[in-house]
Each structure stands twice: as C-alpha cells, then as structure tokens.
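Next come two complexes, and both contain chain A; in the first it sits with chain B, in the second with chain C.
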Partner chain A sequence: MQHNSTEEQRSNGVATLANGERTGSGRRLTDEEFDRYSRQMIVPGMGKEAQLRLINSKVLIIGAGGLGCPAAQYIAGAGIGTIGIIDGDVVEPSNLHRQVGHATSRIGMKKADSLISHLRDLNPLPTYVPYTFPISPDNAADIISQYDLVLDCTDNPATRYLISDVCVLLYKPLVSAASVQKSGQLIVLNCPPTPQGRVDKKYPPCYRCCFRTPPPANTQLSCGEAGIMGPVVGLMGVAQAGEAIKILASGLHLPSSTSNDTGDDPHNLIQPALLIHSYDLNAAPGPYTFRALKMASRKKNCIACGENSPQTLTLEGIKSSNPNYLQFCGLQTPKTILPVQDRITASAYHATRQSGQLQNHILLDTREKEHFSFGSIDGAVNVPFGKLLMKAATIKRDGGNAEEILPIKSAEDPIFVVCRRGLDSQEAVEKLKELGVDHGGKRKIVDIIGGMKAWKEEVDPSFPFI
Partner chain B sequence: MTTTPKPPPGHFTILYFATATSFTSKNVESLPAPLSLRKLVGVLEERYKGIKEGVLDHSLVTINLAYVDIPEEGEDDVVIKEGDEVAIIPPVSSG
Partner chain C sequence: MAPEPETMPISVDFLGGLETLFSNNPRHTISLPLLNPSDSSPANVGFLISHLVKNHLKHPRTEFFVQDDGHLTPGILVLINDADWELEGEEECELKAGDKVVFVSTMHGG
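Let's turn to the complex of A and B:
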C-alpha cells in the first residue's frame, strides 16, 4: 500500500522524475506542437508534461520491416523527439504488403532511408537518424547507448538475444515484438531498467529470462520462407509503439538504480506480460485471438541479468564475440554439409534427365506444400521437411520400416532431393542415409545443389520461385 | 480476449501456438487430468514424436494464463487440474 502515491502519479502522467531535464519542465510547447499533438495531449493521463517527456525522448527502432514500419509511424506521430532507424536491407516488392512505411516508388532504396522519408512527411518535427547497416555485436552498444528506449523489430533470434543483452547492460527498456505466418508476440522487457545481478526482489525479465534457448536452426522460420499476414505483424508493431509511448510518457524508462535502495522501489511492482496474437485463416472470428499471459520476473540464473551475470555478460565480451550469438542460435553450420559425390547441380540433374540416362528415380521436394503448389519439377513428390523429420524420428524410435518414409515404394531407384535453397535437402539426404534408406551405399541419394532457386537460375527462368 | 470451450470432465485444455501448432497440426485439444507438469513433456512426446526437441525444449508453458517453470528433478511439481488451460508458446522471432 505504501506505493499508492507513486502509482497514482504515474497513472496521471505527471510523476515527479529524478532527472528534471527529462520532464521538459520549463519549456513551453510551440504552437505547431500544440496543434499537432492536441488530440493525444487531452487524453486523460497524458497532458503537457507527458507530451514534453515524449518530445525529449529518444527511441531506437531496430528493423524497418513489418513491425518497424507501423511502430515507427505511431512513434513519429506521437512526437518522440529523436528517432533512430536501423536496417541494412533495401525495399523489395515482396515487402510492400505489410511494410507500410515503404512505397513502390522507393523499391531498391535502403529501408532506413525509405522509412524516414515517409516519417518526415508524416511529422517533420522529430530528428531522424538513419543507420543503413545491420545491427551487430560490434556496433550495438555504441548505437543503443544514444537512446532512451529500444524497439526490437528484427527478424532473427541471434539479433534478438544481442539486443536484449545490450539493453540490460545499458539500462534500456526494450519493447520486443515478433511475428511470422499467423502468430504475433509482444513483451516489454527490462522495464524499468534494473542493474545486472539484482535478484533480491522481483525485477523485470530480459529476453533470455523468457526464452532461455533459441529454437533449433532448422525450425527458425523467416517471413521470407514461412510467409506472414500483413495485419498480424502490423498489429504487433502498432502495439509496440503503444507500449513505448506509455513507458516514455510516464517516465518508466528511467533506471531504478537512480532511486534509493530502501526496498520500497515502486519499479518492482510491474507485472510482466506477454501478449500473444494468433490469427486463424480457416475459422470465422477465432476462438482465441488475443491472450495476455502473466510472465515470471527476472530469473536468478539468467546469464544476462541474473545473480552472477556481471561475470557472464559484459559489453567488452559482446564486442569480442562472447557470447557468440550466431553459434548460440545454431547459425554457424557450414553451407555445405554433404560430400561432393552426394550432390549434383540443378543444371547437371536436368541434363542427365534430358539425355535419358536417368529413367527411374524418385525426386523428393521438401518445400512446404504452399510453396510446392506454385510449381515443381516434373515428377517431383512433395514431402515437407518438417514432416520428413517427424517421420524419421518416429521410425528411429519405434524401429519401423525405414522405406515407409518414402511416398513411393521402390527399393532400388536412386533418390534426388530438392528444397527451396539447398539446405534442408542436404539434411534430408543425411537423415535418409542415417535411416539406412541407401542400403549401405548401394542406392544413391543425391542433393540438388541450391534447390529450386538454382533450378530457376540454371534451368527454367520462368519458374515461379517464392 | 476470449476463452476456449470447456474441456470434457476429467480433462484439461492444451493450446498450441506458432510452431507448436504446425508440429501437432492442432490449435487445441483435451488431455486427461490431473497430470503432473513434469509428466506433460512425456505425454506430449508420446503423442507427437520429436516435439520435445523440436518445440518444447525452447518453448514457454503457461497454466491458466500464467507462466510456469517445468520443475527440474528435486523441485516441487505442479499439478495440472481438471478444467485448467495449458498453453505451449514457442518463441516467434521473425518480423
């Protein structure tokens, strides 16, 4: 009950902050600001002080894609004073169904520049800072240190762990969202920012506290490979902006280390929550579209923020590849895992077929069935990679007949495996051999190098590759 | 926020999200209750071979919308009761 007064202060948006400069007190709103921000300033809980705090805030948006575009629009619209945008990619036509901050006329432009040009048109008042290269262990701390709050709008686990770690070390709140296919997630992390190693009470979790280990590399889905529905990722990005504005307007981004250590730190009271959004294409308005889940607080044994974390995670360590994020996320597997004799180029496979030397053979296509539905090589049989792995695991465990993994019964015909870009197919070849489908080497099982992408480049330029 | 239909008597509801949905080809099902949380992994692995390594090892689990730790050996177990709602939530990382 002793925290009531602070809770009230926060809810009406006029909490007295330790850092007077950040409250913006002593400055008047310009006429232009007054006009532009009037509709949000009159909302109960906002007011002039909260607006000035937004104007005096610096927000870094990492990733200018499906999350970053909608998030940035509302961050800019709300009048955040300095907005940094990091993205190393360029705008492509396949981005535009969801990345609403880009435009057809800006295809080929760096995404950070393209999004900023859109934002400037929306609101010329903020200072915009483009970073047209990807965030990395080398540059993360230097960039993040210049901002008050970070939005993680990136697209891969390695970067997510990196950003979370650096935010813990630099006392930055992190609003993290993610989305793929028909699912979205959103969580506010490290807010209020709390020094590493403090576990005596309930403190906010970091990304590692929630997701201790990344999924295996072969199950990490990217939007490019797995697809994404625009409104799903859009909702998550907009919600990210909403959380960021809430934190900045109420001054929650200020580290709890600035307050005294008497034990009644109001910052301890925030209940972390994970918002889940799942969108069902097959159902009328789904039975469970949104869910808010109560999350646990900081984990005692977390290597980034837990008890002994000052020994396990430092800024210097991150710069010198400790931890190694790519390895942690299983992404340092070499591109070629199979020996040459188990592989064939797409053009060589085509030529062998054309010459009639390859009569009976099985061609397995391990892409997802949606990809397969757009086109395939003549005679190909679709066995999606995930299903293949599951069948392999079942056969291995129960000791069933390994041949049953094949959709076509034939004990001798050579097998060729093709996937989208040539990675899954190599793993599939390995799995089949492991199961003994190659009869100890008597039957050939061959990977088509570079997958359907190579097929399009080398054999059939009209092939509809997605 | 909406809720799923109640499970039949003697059962709890389990929801699958993201890759857990693709792995099980289901959004939701009912399993017999009560069940110890520690045993849940085994029960799911029995039904969906490979789900432990492919999904559960890196997912978070909630009971009635609140995060729970899967207890390690020697730690107190949690019992999933009749009518509970369990969710399997793998991390999504794309964007």
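Let's turn to the complex of A and C:
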C-alpha cells in the first residue's frame, strides 16, 4: 500500500491521489491535508496510511518548556490529530532563549495557552487541548487516559516517576527526555505497552526500570540553577517528536498483548537505548557528542511493571499518595539546617546596615561567578560555594590557616553569608564554623535567609536575580 | 621501596554532566591496580569508584559522584561493557583489563 502510494505520487502528483484513492482506514485525506503533509508522506516508509494514523492519533505533551516547545512544533506540523498540552506555569522572559513556542508578546500568559496559540498558527487542523495546571497524582490518570502516547517534557524527577507509573498502568508509550546545562538525554519507554507483571519474555522497560532511585535532592540540578543551552534542550525535544511520530505512524503504540499475544512479537525485539547528547562549548562536534547506550529490558523486580507490580502499584494507590512521589525524591521538607540565632532575614540585614549598627563586617556571596557578575549587594565578596568547599577540604586535610578561605583579612568582623536561594549559604556557615573561623563562637557567622532571591523580594526589587 | 602495583587499563566514560567533575574530559583510560590494596581482593567496580575519587575527581562537588559513605550517588547509571551494572553485581563486579565502564548522570531538567 505504501509502495503504491509512493509510485502514484511520483507519476501523478499528490493532488490526483487525493481525489482518487481510498484508504484502508475508510477516509480520504482532504486536499488541504495532502498539500500540507505531502513532503513527509513521500518519504519512503511513510505514505498515506501512516499519515492517516498520525491524523487519528492523540498525543499528550507534559511540560510546555524547553523540551515541550520544539517537540510540540513538530508534533503539530506532522498533523497529529489531537494534541494536549499541560503546564501550570506562565511565560517568563528567562524562558524565551529556549522555549521557542512562546513569544515576547505573550509573557505572563499561561504556557499551555501560549504554545497552543503558536501551534494553531503553524497548523490549524489538529484539535488542541490546553491544561493550564500542573500534572499531579490526582489528575494524571484522567488526563493521560485520553491519549495514545505521552511526551515527558517536565523538569523534575517526582513528576517523571509519576508520569511513567501512570503510563505503565494505562498502556501508554512514553517518550521521555531531559536536559540541563550542556547535556541532554532521551529514551523511549513502555513501547509497545505491555501489561504490568509480565516478565516471561523480554519486554520494554519503564522509567523506574532504567532509573530505579532518584538522585538526592542536593544533587538535582535544575535549569534555573545550573543553566541550560537552548539548542541542547531543543535537540532533545525535536528528537522526542521524531520518536513519537515513528511510533504512531507504524502503530507501535498498540499494546503488545492485544496485537500478538502468543507468537513471537517482533515489537519485543526493540533494543531499548538511552541517547545522550553532550555539547562542548570549547570544541567542535566529536566522537562523544551523541552516544546511544544499550539499556536493559523490563526488570523483574520493578515495582511499577515487574513481577509483583500489580500488588505494589495501582491507579487508586497513586491517587491516595501511594507511592508518595515528593518523599521518594527527597523533596518533601525543604532543608533548614541552621538554628535561628545563626540566621537573619534579608530585610533585617538591610535595616541593620542602614541604621549604622553594622559597621565592619564581611559579606560573603557564595554564588557562582557567572551569577555574581550580574550584580551583588554593595561590598559583597565572591567565593563560589564549590571553591569554598574545596579550600575547606584542603585545609582539613593538609592543615593551614582557615582564615585564608576569606578574601578579606580580619579576625573579628562578623561574617554574613548569602547565596542564590539560601541553601548553600547555610552549608557555608556550617563549614566555616567547623574550621573554627568563628573562634569557638566568639565571632558571629550568619546566613541571610532566602539568599539573593529574598533580597530582591524584600529589599531591592530592581536587583537582577538570575 | 615497595614495587609499583601491577595495573590494568580500564576505559571510563563520564556522561550527562559528570564529565565536568573529571577535568571536563568524557573519556579516561585508567591504570587500575589489579588488587585492591586494602584487602588484596581482585579489583572490582567499588574499588574503581574509590580509585577515581582519590586520583581523578578534581572538582569540589564530590557529592555529585559519591556519597559520604563512599557509595555512588543514586541517580547515576553504570554500564559495564554496555550492560547495566545491576546485572553484573554492581560494585562487586570484578574488572578485567580492557573493560569499559560508563557513568551517566540522570538529568531531570527540561
């Protein structure tokens, strides 16, 4: 069928085909569809049947950010019939270098609405469904159940585990990508969808099979903190669209249990792979720019899809906080490590300075030098947190004068430590005390609560917080 | 003087941002002692990890690679000769000359 279509298109052109040929799916493509999708339909392996499958498909894109924007553009362009976009955030100026489905004129608009307005302009034919709230254990199953395939374009591990679990339970293939700073990753999961608990043969893995435990909260890097290069996350989002189109065009999203329950299902032969993209600001593309790592198939002991998973993961359980995703990812309680007497609010620090009660003191800013270079509080000195830890480790190991950690020599002046949001600064205060820089408690070392973010909110709204 | 310990070459790759902890270099060829000097047991992946921390991890944020107890930070995938290390016994997996070990940090941003 595909072969015939291609031949006919070559000889007669696309329009003839539109008027002439009926498809097995019982519907013709409209002239508009033929015009719009002709260039992808004539690609060997695609054809009209594949295009009709795309038109009849429903794709849910979770997250309308750096991954979701480029993914959605190609999903919409390709003519997927129904496209759901879910995101609770609004468009901010700092999004726009990478979230190219939004616009300067739509800053402040809900991201789901903003992206859909862009997509409608690109292709008015699909049905677009905005969800202007975040996905949660309460709503995930209701929403995901209405789609054929899910793109995970989110930005945090708790949501990633939730989405994967629900996709396993509802038999939905999941195309998952992530990116931070100069690296990106992509993996196709649960495809073809296979019922929970089946481990008699090789079956596709879910997110938990590949990433059994989340990293500790203090090592989870977000794009807001660590930064992100637009083209890196963009490539991953585009690749997600590519995988989704491939799956839907070939019908791979249909559960393997119904398509072929007994025989050798060729779908099972798919080798799961994790694509890693490493971008180097200082080098030309090299042998490690793209790597495909072979991943294992479904794990017997996986709590979401493995042997005993029907007892450990259910849709009802998810709705009643079992599993508890935030706790699992160590995000339940924001860490406060210092007692109150070692802390001061940004506004109280400012007021004390203004009143003249605080003459000589050291204000230590532990943000990265890139952050510091955009602005700092008057008189602040920069010792990036990493450097401080390194110096502390050296002094601990080799001995030496702990005061040398500080760029200003002064044995008595109190020290105030500020960072970006108030976590590193607390650890820095602890480290300095551990090294005896506080002279056994005689010298005050204080953390400014909430960091430069609080400074902007409480003291100086014009501060360029990044 | 004690003789230099006998070593074997092991190829170690760092991906997903981990390379920034190791001199921004995604591929290292390590000369790993054949025996773990602490108990003279054959070198395994656990020993490789402590060897890397001691000799190659130049970055102060060590918690992105190992925890305080010396074990690998959760969220890092390890592939030994292209196979998930869970299938190979994780830290207990013994290494031989020419083995390829890949450490990949899981990303979550988007």
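Observations on the model:
Note that the second predicted complex is superposed on the first by the 351 of 466 C-alpha atoms of A that agree within 3 Å, B and C clash if a C-alpha of one lies under 4 Å from a C-alpha of the other, contacts with A are read in each partner's own complex, and residues count from 1 in each chain.
Throughout what follows, contacts are C-beta pairs under 8 Å (C-beta built on N, C-alpha and C of every residue); 3 or more make two chains touch, one makes a residue touch a chain.
Every value quoted in this text rests on a predicted model; they were computed, and no experiment measured them.
If you put the two complexes together on chain A, you find that chain B and chain C bump into each other.
In the superposition on chain A, A:Leu293 contacts both chain B and chain C.
Of the two partner chains placed around the shared chain by superposition, chain B and chain C are both touched by A:Ile228. Once chain A of one complex is fitted onto chain A of the other, the partner contacts of A:Arg397 are limited to chain B, with no touch recorded for chain C. Once chain A of one complex is fitted onto chain A of the other, the partner contacts of A:Gln185 extend to both chain B and chain C.
Judged by the touch definition given at the top, the superposed model places A:Pro339 against neither chain B nor chain C. Of the two partner chains placed by superposition, chain B and chain C are both touched by A:Gln220. Residue overlap on chain A between its contacts with chain B in one complex and with chain C in the other: 63, 65-68, 153-157, 160, 177-181, 183-185, 210-216, 219-223, 226, 228, 233, 236, 274, 276, 278, 280, 288, 291, 293-296, 386, 389-390, 393. Only residues 13, 15-17, 19, 24, 26-27, 59-61, 63-64, 67, 73-77, 79, 82-84, 86-87, 102, 104-110 of chain C touch chain A when the two sit together in their complex. Across the complex, chain A meets chain C through its residues 63, 65-68, 153-157, 160, 177-185, 210-216, 218-223, 226, 228, 233, 236, 274, 276, 278, 280, 288, 291, 293-296, 299, 386-387, 389-390, 393.
Listed in rising order, the residues of chain A touching chain B in the complex are 63, 65-68, 153-157, 160, 177-181, 183-185, 210-216, 219-223, 226, 228, 233, 236, 274, 276, 278, 280, 287-296, 386, 389-390, 393-394, 397.
By the touch rule above, chain B contacts chain A in their complex via residues 1-5, 15, 17-19, 21-23, 27-28, 48-50, 53-55, 57-58, 60, 62, 65-67, 69, 87, 89-95.
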